[in-house]
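Comments concern the structure below.
Chain lettering (A, B, C and D) follows the sequence in which the chains are written, and residue indices restart at 1 in each chain.
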Amino acid sequence: MDKIVPFSEAGSVKPEQAIGNITTDSHELEVASQWKLIWWKFRRHKVAMAGGLVVLAYYIVALFANFFAPVHFETYQETYVYAPPQQLHFFRDGQFFPHVLGYSFERDPESFKKTWTINEEVVIPVSFFYHGEPYMLWGLIPSDLHLIGTANPEAPFFLLGADKSGRDLFSRIIFSSQISLTVGLVGVTLSLLLGIIIGGISGLIGGPLDNGIQRLIEILISIPTLPLWLALAAIVPLDWTPLQVYLMITVILSLIGWTGLARVVRSKFLSLREEDFILAARLDGVPQGRMIFNHMIPSFLSHIIATVTLAIPGMILGETALSFLGLGLRPPVVSWGVMLQETQKVVVLATYPWLLYPAVAIIVVVLALNFLGDGLRDAADPY
Amino acid sequence: MWKYILRRTLYMFFTVWVITLISFAIIQLPPGDYVTNLMNQMTRVSGVTLTPEYEAQLREQYGLNEPIYVQYFKWMSNIILKGKFGDSFVYRPPRDAVELIAERLPVTFTLSFFSLLLIWVIALPIGIYSAVRQYSVGDYIATFLGFIGLAVPNFLLALICMFITYKYFGQAMIGLFSADIVDAPWSWEKFVDLLQHLWIPVVVIGLGGTAGLIRTMRANLLDELKKPYVETARAKGLSELKLLFKYPVRHAMNPFVSTIGWILPGLVAGEVVVAIVLNLPTSGPVLYDALRNQDQFVAAGFILVLSVLTVIGTFLSDILLAVLDPRIRLE
Amino acid sequence: MSEKLIEIKDLKIHFFTDEGVVRAVDGLDLTIEKGKTLCLVGESGCGKSVACRALLQIVRSPGKIVSGEILYNHRLGNGTEEIVDIAKLAPTGRQVRSIRGKEISMIFQEPMTSLSPMYTVGNQIIENIQLHNKMPDKAARELAISLLGQVGIPKPDRLVDEYPFRLSGGMRQRAMIAMALSCNPTLLIADEPTTALDVTTQANILDLMKNLQAKYDMSLLFITHDLGVVAEIADDVAVMYLGKIVEKSDVNTIFNAPKHPYTQALLNSIPKITMKREELDPIKGMVPNPYRRPGGCPFHPRCPKAMPECQTVEPAVTKLGENHFVQCLLYENLPGKPALVAENRELSGVVND
Amino acid sequence: MNKFVRQLMFVIVLLSVVISACAPATPTVPPVEEEPTVAPPPDVTDTPAAPPSEFSESPMLAEKVAAGDLPPVAERLPENPKVVKSLSGEQGVYGGELRTGFTGNSPDWGVFTFLNTFEGLVLWSTDFQTVEFNLAESVDVSPDAKEYTFHLRKGLKWSDGQPYTADDIMFYIEDVLYNKELNPTPGADWLPAEQRDGFKAEKIDETTVKFVFPNAYGTFLYNLTAFNGRYFAMYPKHYLMQYHKTYNDKIDDLVKEDGDVPDWMALFHKKGPDNWANPLRTMDNPETPVMYAWKVTQPLGSGTTIRFERNPYYWKVDEQGNQLPYIDTLVGTNYQDNESRTLAMLNGDLDYITNPPPGDRTLFYDAVAEGKSIMIKNPKSDGANTASLHFNQTFGDPVKAEVFSNLDFRIGMSYAIDREEIIEVVFAGQGTPAQIAPLEDSPLYIEGMDTQYTEYDVAKANEHLDKVLPEKDANGMRLGPDGKPFQIIFTVQNDLGFGTYYVQLVELLIGYWKAVGVDVVLSSQPGPQHDENKRKNLLEAEIFTGEGGAGITGILDPRYYAPFAGAGIWNQGWSVWRTPDPTGASVSVEPPQWAKDAYAKYDAVTKEPTLEGQIEKMKIVLQEAKERLYVIGISRPGDLYAVFHSRLGGIPETWYDGWLEGPTKIIRPEQWFLKE
């Protein structure tokens, strides 16, 4: 459950990774902007680069979900409940003609089990950039353009199969990314701010205040999160949508999730306090607040970014774990966690294995984010 | 040093006290109480409902009709004076919360221990390797393998493992003991049996934990590797391996030491999901059930115990760190 | 002239980074003579640290020795000597490791961080001792204590069990020296050992090193950018700029009759009692970007006496006198001196490119 | 077996019951074993059970008898032991252990409540058509249905060998039910509120007790047939009196001794069954003597298994006079999660599990196909419907309450539903569209009640809805009478053991209702949260079960046929008004006159002494229910499935499955056996 708490891994974020000792000998590099250096360093982590691209792709898909998804996630076809994935054929008798084949099922009278038979005759043409189901992009721009799909709404088009209500898994996975990739960000951001501010104050002012904050952190980290989730999940107002509920909980959790980062920031500040440019700023009588934001934060902004990148996969996985316990998002909201809830059954593994595709989506993005985060952190402090 | 320990101890007591407040509050947060749940449980299986009289009566019987602060006070005084954490409503005959928890702890510890072992065995070498050979193909492959475990939702991993054992080995690995031996007193056979069942949960929990450790180790080590003392040691003519382990690795270990204390509570909380899927008789599910059933003394007691474990753990690892790191010890 | 301990020939060390190749050391020729003290002088970034690390084969990646030789007169047990080319030895190989810390040892700039805070001073010295010669712990400890005594650490028998961070900078540096001496090496490399210390400590450390050098009869390669220190300690001086030796001679020549404009500039940049303050002029400009090193004579952008051809022609080594070499077009092809150039060429075996 | 035959059988059965019921003078429900007035269902052996003369017992017990630890079987059995026919026609054999699994740490509700409890005075016949005698061997009912005189079997014994007599029943009624300390307000599910005051029980002799009710109580016997009838064999006086203040004046010493309990009531509850909440304390205290077939030897406690052993004094035999049960021991294993239980069952680690999830059906059939040792039977649901859709007519917001109370609204909402599609998507094509109404083969069946408003007709839907919610906004969504946007929050409990498909179903409903301009949002809540909101009357609409289908279940569980009969939220506030909540936690709403009248009509049913009369009166109630369409139904349940290990014997081909029958109990676990 720890995974939910943003920055739970912040302890592992390490500064000072010099860029091979040439920089230490070179004046010119000191002139080069910090960001340029980070970029240079980052480029060396090939897998991180790849990860970055994957993550980018995910967010783009999420942003234009309506376009990438063949149909809306609520669209269902009652005759294709638990329909297995269709294979996408590109050629037919020699020439390029993307299509899928129609299929139909026999239901066993006793076990109610469906056996699907592909009908070679029924050829369903698949078109790219075609005009299908209309939608409002971001609730603003009316459009009906879809990347891939079949123009005929009656015909089955289930690249990744259909779920228990005959809804297209592929489309649902795409729409899920909208929630799964964003819902935790609020919490992450919040605990980020809290972590920096509180940690900063603690590190800058020190003394009894610092001591108090340390106690507070000690208390907060010793409270297991599972009970909190259970308690919070139960007390929300009835008329809240599942999304609001989940958001509320993540926010509240972020109120205790900042401790990890706060510790890092604090120690960072303690060391920074001694450094010349801060002293200088002090002597010039720069007010605390401005000092934090103009002088100190930039000096380690880079790890904060890395930390956030590493907090996101935690949040994605947290969402699935909570859905498993029935505490996370709930239908009709569609998220990867909600989709995986369907797969927690032996019968699914045995009979409808394609329902596991959301897991693949998760694994890929979590890996990508982790490598991205690692790369960023490696690049974080080139000096 | 002693002054330091004394101060820390005082803080510790304060922290624990605050935590008792919090944990009791958490239990009271959700609407309804154990009785509401009991009825709901009946409704769920049977559709039968309780008459209000019986509820009132039950509440009285369980002392749930008193105001919360009274309940808290009673709870605390029982803990302090009698060492009783309050009886469970759910488990019958009524058992003291801590007994229940304690009962499950040996298995939990065994599980945690082996998982931890696996985590370290996998993570440390990978971490060290990928730091020393930064940006090499090996680095990428190693870290990739290390992260896989993190990326797969653990309940799914657990379910899949279980299903595979059923599908391909004919026997699903469920629980931690074979049915025939589960009630037997601890014996060598039982232990062996345990080991045979243990691997799935250990792998599932372990793989989840490696990534974090790899990352920490890698980062810390990268950090240490360019410290001047490494160069000094190299200039002495030390062999690379010897050098690596005597200096940078040794230094890089310190951050772990400071987290050892949290590992157990962390695992107990983290293991809940896996334990539920794999049906493990560990303490995680006890906590989960207690919370679901609003079995308040068990739940509160559990949160308290976990938190206290964490606090003590933190305390111990700070001391340990002080022992290991002269800089802290001597300044 | 006295016998060579180490002869570096046309040493090239390049750093291969994604941003391009940095030629940190670019055709270095240098000779270290037995029992003498050679000072390697230059602004930071000129590659002197890299060069001296090459002597131990501990140049950090992405740095690589791309060409050149480091011929080391390796004294064998039977008193005879053999010449090994350190540049050719595998960086992690057994042979170079047997030289490190035993025959050639090194002390570093940062006494604060050059010793591990995790182990006692004694532990780290004893490690060095036992690494290179079989010695029971007891004896090794005794030796360590005596060494600490020799480097002037008070109550060595107690400090041997102290942790480095409990010692002052000076003490730490002394400990470092003790460690470096523990296998009485033939060459001690000191990479700016005093820069991080306050002036008085500096002086003490320098004296100490001078004495010890005499006592142990070892050569001393002393890297610094502080000409004051040089005057203090050096027999010979080599001035380095952007990976090349621009001028080399004995300490007096360098201070009294510097030839190379860079050397002159360096000397002018340090205050002298005799000078009025306005005469003091620092070198104009900065060390150029290592990725964009100037063609011709690398110093010409900053050179007060620069001539047009400096931008294109790379100067060769010119011998101006016994043990005085300079690399500058001003002194090349002087009327009536072609022979000298030629002679000195094969003498120092420079191959210009 | 052929469905038609079954229905035919039922009619015969019914007639016979009716005839016997309306016989003049003191009508007695015919003692079934002696001369069965009920034609036995074809899948049960036809031989009438002549009470066997000599008896045999399990080898396990025979040893003990030989060793002298136990009296011979003949002495342990009553004079007239209850004869149980084999339900599968096979002859049972002794021995073995039945392994079963349950989820959560709730062995009672998980499985054993059904497998091994509530031995009542009477119980349902295995075909769920008539009442069979159990602890009692006969009963006399007064014509006004106020007096019931039970004649117990002679020589019944508790599991410790002590006699079970009228005293035990009196102990329960006088010293437990009517003991002010143990039960501040005497209430039990067999004793309706209006019968409490003035109820009397009286011991005629050792084996005869007489119950006298203040008001006519014609459905009393049916109430005793299942779970509700459990009390009368739950309180062994000879054991419990030591923990009862009335009988032990030194009780306070015991309380101190125990240490854990505050007072004698708590001690009493700890030693014996305490109340509804966990009636099965007999599973927690091995000391407590029981009348059940098996007796707990190792309580679950905080462990993971619970074990039972056969009751040597169990008072039932098979037709050959073999003392039941056949199976020697039971073991129940606790599973955290349904999936691991399912796997264990597939593994063959278990012999029986209750309520396998509908979704796992294919899994088990596949296992059978793969030759795993699984046996699947198909019980019939006694339910009237797969689900009931409630709109809370007592809701706090007057605007919504008004709309929900409007018949046209409910009719419109019903027309809007594409039931055929739901059946295809959610119920794998099983079942037919229907409202909640008694099944066709039930004596309570009312023409048209099941089919009204079930066709999918958007036009009709709009027509009716327009009468209630004429105004629409720009997007064609209907506005409330107050002109404000009209949104219904539809609640679903997401942790119900049975309604696993509710969320999916409601997701579809929301789509249909949107199509007719009604804005409905889904709020899925865990049980506890739901219950709390329910008592606070905060739920607008929800989905729940569809009871009241088979036989006369409509009479016994009229929750969807008569107002304020509890369960379900369509009449939430009214139910509370009828049975007030002493804690005051629940919100009560005064019902309108018609509702009060409607309930009075139902009361009349229970007062009828004869089944015939009850059915007649109930039809009036149902007629009104039909007109008022209290709740909306979806479809008739398809056939269920139950899984057993194939080594299990004594399992019939089919049976009626439902709460009222006492699930599992109706297929007589005591006559299950393990084949070699």
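Definition applied: a contact is a pair of C-beta atoms (placed from the backbone, for glycine too) under 8 Å apart; a residue touches a chain by one contact, two chains touch by 3 or more.
Just so it is clear, the structure is predicted and the values come from calculations on it, not from any experiment.
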Task: Nearest-to-centre chain - CA centroid comparison - done: B
Task: Of B-C and A-B, pair with higher C-beta contact tally - done: A-B
Open item on the list: Just the number, please: Cα centre separation of subunit A and subunit B in whole Å.
Closed with: 25
Task: Centre-of-Cα separation between subunit C and subunit B, whole angstrom - done: 56
- [ ] Indicate the whole-number Å distance between the mean C-alpha point of subunit C and the mean C-alpha point of subunit D.
- [x] 95
Task: Inter-chain centre distance, subunit B versus subunit D - centres from mean C-alpha coordinates, in Å - done: 41
- [ ] Could you list which residues of subunit B touch at least two other chains?
- [x] 30-31, 159, 162-163, 166, 226, 276-277
Open item on the list: Where in subunit D do residues touch two or more of the other chains?
Closed with: 339, 343, 346, 495, 528-529, 533
Open item on the list: Could you pull out the residues of subunit A that touch at least 2 other chains?
Closed with: 21, 44, 234, 344, 346, 350
Task: Touch list for subunit C against partner subunit B, complex - done: 56, 58, 60, 92, 96-102, 105-106, 108-110, 113-118, 127-128, 131-132, 163, 165-166, 176, 179
Task: Interfacial residue positions of subunit B with respect to subunit A in the complex - done: 11, 14-15, 18-19, 22-23, 26-27, 29-31, 134-135, 140, 143-144, 147-148, 150-156, 159-160, 162-163, 166-167, 211-212, 215-216, 218-220, 222-223, 226, 255, 259, 262, 265-266, 268-270, 272-273, 276-277, 287-288, 291-292, 299, 303, 306-308, 310-311, 314
Open item on the list: Using the touch definition from the top, list the residues of subunit A that touch subunit B in their complex.
Closed with: 1-3, 9, 11-18, 21, 44-47, 215, 218-219, 221-228, 230-232, 234-235, 310, 313, 317, 320-321, 324-325, 340, 343-344, 346, 349-350, 356, 359, 362-364, 366-367, 370-371, 374, 377-378
Task: Of all residues in subunit D, those that touch subunit B in their complex - done: 99, 104-106, 109-110, 113, 183-185, 187, 189, 227, 260, 265-266, 269-270, 274-278, 281, 283-285, 298-305, 307, 333, 335-337, 339-340, 343-344, 346-347, 349, 355, 493, 495-498, 527-533, 545, 547, 566-567, 579-583, 586, 659
Task: List of subunit B residues in touch with subunit C within their complex - done: 226-229, 231-240, 246-247, 250-251, 325-327, 330
